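The structures come next, written out as structure tokens.
In what comes next, chain A is part of two complexes: it sits with chain B in the first one and with chain C in the second one.
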Partner chain A sequence: MAYGAPALREVGHSLLRLKKMAPDLPVALICDEPTPYTGIKQIYLKDRSYGARWAKLNLDTLTPFERTLYLDADTRVMSRDIVQGFEILKEGWDLVIVPSQNQGKDLFSHLDRTEREETLASLWNPRPLQLQAGVMWFNLTTETLGSPSASGTPGTSKERVHKFFELWRAEWEKYERHDQAALIRALEESSLRIWLLGHEYNSRHGKVIEHLFGRAKL
Partner chain B sequence: MKVVVVCQNYAKDRVLPRYARYLAEGNGWDLSMRALVGYDINYYMAYFDHQKNKDFKGRVAAYFTHREEGKKGDLYDQVAEKVWLRLAMNQGQLRHLRESGPSIAPTLPLERDTFTLRSSKTLLKDSERPVLGFSGFVYGSGRKGEHLANLLTQEFGKHATFRASGRGWPCITKMYNWIYLPDFYKSLDLYICTASVEGGPMTTLEALSTGIPVVIPEDVGIHPELPDIPGIYKYQTGNYRSLSDAVDRALAKLGKHNRADLRESVTKYSVEAFCEETRTYFDENLYGTSQVQAEAEVRPKWPGKSGIYLVAFGEQSRRCAEKCIAACRQYLPGVPIALCSNEPLDAGEDLYIFQKDKDIGGRIAKLKAYDLTPEDWEYVLYLDADTEPVEDFSFLFETLQKGWEVVICKDMDRYSVAKLMMKGDNRPESEATWLLMGTDETLQYNGGVFAFRRNDRVKHFFTLWQEEWQRWAQRDQGALLRALYTQPLKLFVLGNQWNASDRYPAPVGKVAIWHHNVAARRWAGKIRGRLDGTDAWSKVAEWEASRGKVSPRGTI
Partner chain C sequence: MARTWVQALVVINRHDELGAPIRHYKGDWFPCRGRELAQLLSQSKVALPGHSHPVQTAQVGEVGIVTESASTALKGAKCEISYVPGLTLPYEKTLIYRDGPIRPELIPVAFGLLDSWELLVPLWTFSEDATMIGTEKDRALTREVIGELRVPVYDTRQLYALRCPAVERLFKTWEVEKDKLPEGDERLAFLRALYVTPMLILALPPSWSVKDAL
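Presenting the complex of A and B:
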């Protein structure tokens, strides 16, 4: 996503790395004005929300792909191993994501006090595992892989992921700021098939995906 | 599912604005005059609204009322190609629309409570002239068949009175407010449709709902879908001779039609059906299958349908199990406990499950948790014998009841990801695990505390876990990852507070279950081979012979 000059600049750097490491992967960019980048699909969406969160929370309806890797603008793909996320989705997992490095006493420390306190009070899991939503793979296929039989199979990845995003949007709309606490609140209700990767896939010095937190901020 | 119904004039009392309001009210959807972002679906109540929202990039469904020839027909086709889903007024449109993609014709929304049965007091008397009526808005295209109406008024005008609602008919025509439209139909003895192209028309349904006989063109709109019963006279579309004959036949039977039967013929048309079919159609296409169906999976409440499963072989493990059972009793009284061992423990367990002592770590019995626990335990919590709950842990069962299939903790930070699983004795297994997953940078889970609920997928997962463990028969974590990877589950991952090892730094936050790792172990040092092999049992014998001299804790 590219909203504002810093994000637009960061997307340029990010695209260079991505094209180097995974030249065959098609790329779509969500933006509110034409960008100078070529060879990618540009999806226009006006988003005046804080940090363009609304665009991110609508990825399930905006993405042109059945299996999508979402990358924050300030990420850098450092290894061809990013394709493994897609392989995991192909096994039948709905969402592949990485836990945040902020856990325990740092849980939701980036939130304002009201949202943090109300979130911790509302969660039914009193000790949640915080996830970092700046890098995530999600599955919108209707295949029912990984199931020994159809009996008792509640829907498809597409169904579950759409439902999850719907919940995520609803939770985000309660405060309209950050997305991570909303993500945890939504996940509690969504019962997704989530595969968790290690920090090399999303951290400041990640060997697969480097996340230069904050560089895309306006 | 967030849907906005897009309709230029949604506040008005025309057909499509009413449809838009039905959907908004019936399904809780929003209304807008133009396309909006932030919705799962923008539903254009008129397909030509696509022209007014050309730049909109979101997911669009459109309602196709009818197809005319010429430029309008071209637009109809173009929009059909561009939108995500197509909805039509009648089944006849679907043959064409389905060439462009998924299409349905939801049942038309007839307001049956508005168009009620005509009172018998208003029925025609023999001495009176019959009243024949037309309804609708006549446009320049001629599709409403106004020329046929003109011929009818000339032929039948001497013996009958013609009235019309709407605009442009060759007789006294009045624009009725919506709430008075039923009065118009009830003032008629016969309703006549002369159109050659229509989506419905709603006028036919409204007339029938009031119990009025109708003369209608046979292959227009929904007319082919109406039953052939007395009072519904169909004629060859556009053929005046056929129309005239039909009117003659209808007039000959006036006063003899069964009004209740006529109303009964349109029973299936309702606002509720229209809203529900539209909503279901969107659900199915948005989510792959019906959301309603997916959410219909009913899970019983966990109290009375749950149990705790422990495995304890060997003296150390059995001593640990006694402590664990006591703690379970203290913090979750009322939940039955099953102990799997080769002899009863009599430490308060509710159920003793006999298994032979086949491997030194009790892994075979542990991985049979699904098979060995009572089938009526819908939710099962497995605890290593050397774990110790220190607070109410009903949360684990509640998580399963909410829909998650397996609840487990991530491993301690020291073993957080799969690349850290390699120890001196498990290189082949570690490499096989990484190879299967395509990465060693995936979270590891600690199998000392986990809970599961029963279904086919979870059962299959346990079968895979057993098979994978049998390949090397050492620790069970690699096998757990490999089984999970190939059998995706709704896996709820917890922090270490629910499985906190006392060998490593304690996790931040209040601990709910401690894990006294190694306290249940009956050997010292590494086992280089299978845990069910001769060498492994030799190690057990060795340790038992030197009891009190060598601590397992200090040798791993």
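Presenting the complex of A and C:
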């Protein structure tokens, strides 16, 4: 996504790395005006929100792909291994994501006090695993893979993922700021098959995806 | 998480959603959720629907712990314990406990979460991934199945499981994977089995087992 000059610049760097590591992968960029980048599909959306969160929360309807890797603008693909996320989706998992490095006392520490306290009070799980949504693979295929669920969940990844994004949007709209606590609140209401990858796939010094947190805001 | 109706087992003073003080007497039913619900359950002050006193004396067949032998770690767990070896699901919601630290006050919370998930498993640690455990042969076998070893490792000594087809299939596959390499690390065998059994698994942070962990 590219909203504003810093993000547009970061997307340029990110695209260079991505094209170097995975030149065969088609790329789409969500933005609110034409960008100088070529060889990619540009999807226009006026975003009303803090940090272009609304665009991110609508990825399920904006993506032109059945299996998508979402990357924040300030990420750098360092290895061809990003394709592994797509292999996991093919196995029947709905979402592939990496735990945040902020856990325990740092859980939701980036949130303002109201959202943090209200989130912790509203969650059934008093100690959730915080996930980092700046890198994630999600599945919009209609194949029915894996075990039939015992909990009566919809039968396809597409249905489950759309439902999850719908809940994520609704949770985000309660505070209209950050997306991570909204993600955890939404997951409590969702039925998603989630596979976790390690920090090499989304961290400051990740060997597969390096995440230069905050660079797109500068 | 939607509100859950609970029955007071003692007199409870609390506030309603508008902040007004409210008192519930023993036997009263009232809705609550989130942290308050978890606290009331862990303090054995309320019972969930369908259970006479699930937290204190769980009905046979509903929730319980399966373990191979008595463990002091389970002292304080307020539900039925069955001493059975292996991966069995005698209860609708079962904690299969084999070893390691555990926080008994969170057991009822985990059983509540199984209303939404099929399996809950704490992560082993944040500092160790699957590249760091097992033998080379074990890791190679695992890489062959899951393609990538830079993944978090689950603490398979404690599994909160719903009795359902997905979990039953996972456990069968896990046994098969363990048999492939009897001397192997069962956590790697679990990853191999889980990978080919997409399901509603909720990973819990290590602090679910150890209070001061992250």
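Here is the rule we use: the second predicted complex is superposed on the first by the 209 of 218 C-alpha atoms of A that agree within 3 Å, B and C clash if a C-alpha of one lies under 4 Å from a C-alpha of the other, contacts with A are read in each partner's own complex, and residues count from 1 in each chain.
We adopt the following convention: a residue touches a chain if its C-beta (ideal position, glycine included) is under 8 Å from a C-beta of that chain, and two chains touch if they have at least 3 such contacts.
What you see is a predicted model; the values in this text were computed from it and never measured.
Three-chain overlay on chain A, with chain B and chain C in a clash.
In the superposition on chain A, contact is made by A:193 with both chain B and chain C. Legend: residue contacts after superposition of the two complexes on their common chain; A:81 is shown touching both chain B and chain C. By the touch criterion stated above, A:92 is placed in contact with chain B and with chain C alike. Contacts of A:124 after superposition on the shared chain: both chain B and chain C are touched.
In the superposed three-chain model, the partner touching more residues of chain A is B, compared with the other of chain B and chain C.
By the touch criterion defined above, A:201 reaches both chain B and chain C. Contacts of chain A with chain B, set against its contacts with chain C after fitting on chain A, overlap at residues 81, 84, 87-88, 91-94, 99, 103-104, 124-129, 145-149, 151, 153, 188-189, 191-201, 207-208.
Within the complex, the chain A residues that touch chain B are 43-47, 54, 58, 61-62, 81, 84, 87-88, 91-94, 99, 103-105, 124-129, 142, 145-149, 151-160, 162-163, 166, 169, 188-189, 191-201, 207-208. The residues of chain B lying in touch with chain A in their complex are 1-2, 37-40, 55, 57-59, 286-289, 291, 293-295, 297, 395, 398-399, 402-405, 410, 416-419, 437-439, 441-443, 455-457, 459-460, 485-491, 493-495, 497-498, 507-510, 512.
Those residues of chain C lying in contact with chain A across their complex are 1-2, 33-38, 106, 109, 112-113, 116-118, 123, 126, 129-130, 147-148, 150-152, 162-167, 169-170, 195-205, 207-208, 213-214. Residue ranges of chain A in contact with chain C, taken from their complex: 81, 84, 87-88, 91-94, 99, 101, 103-104, 120-130, 145-151, 153, 188-189, 191-201, 207-208.
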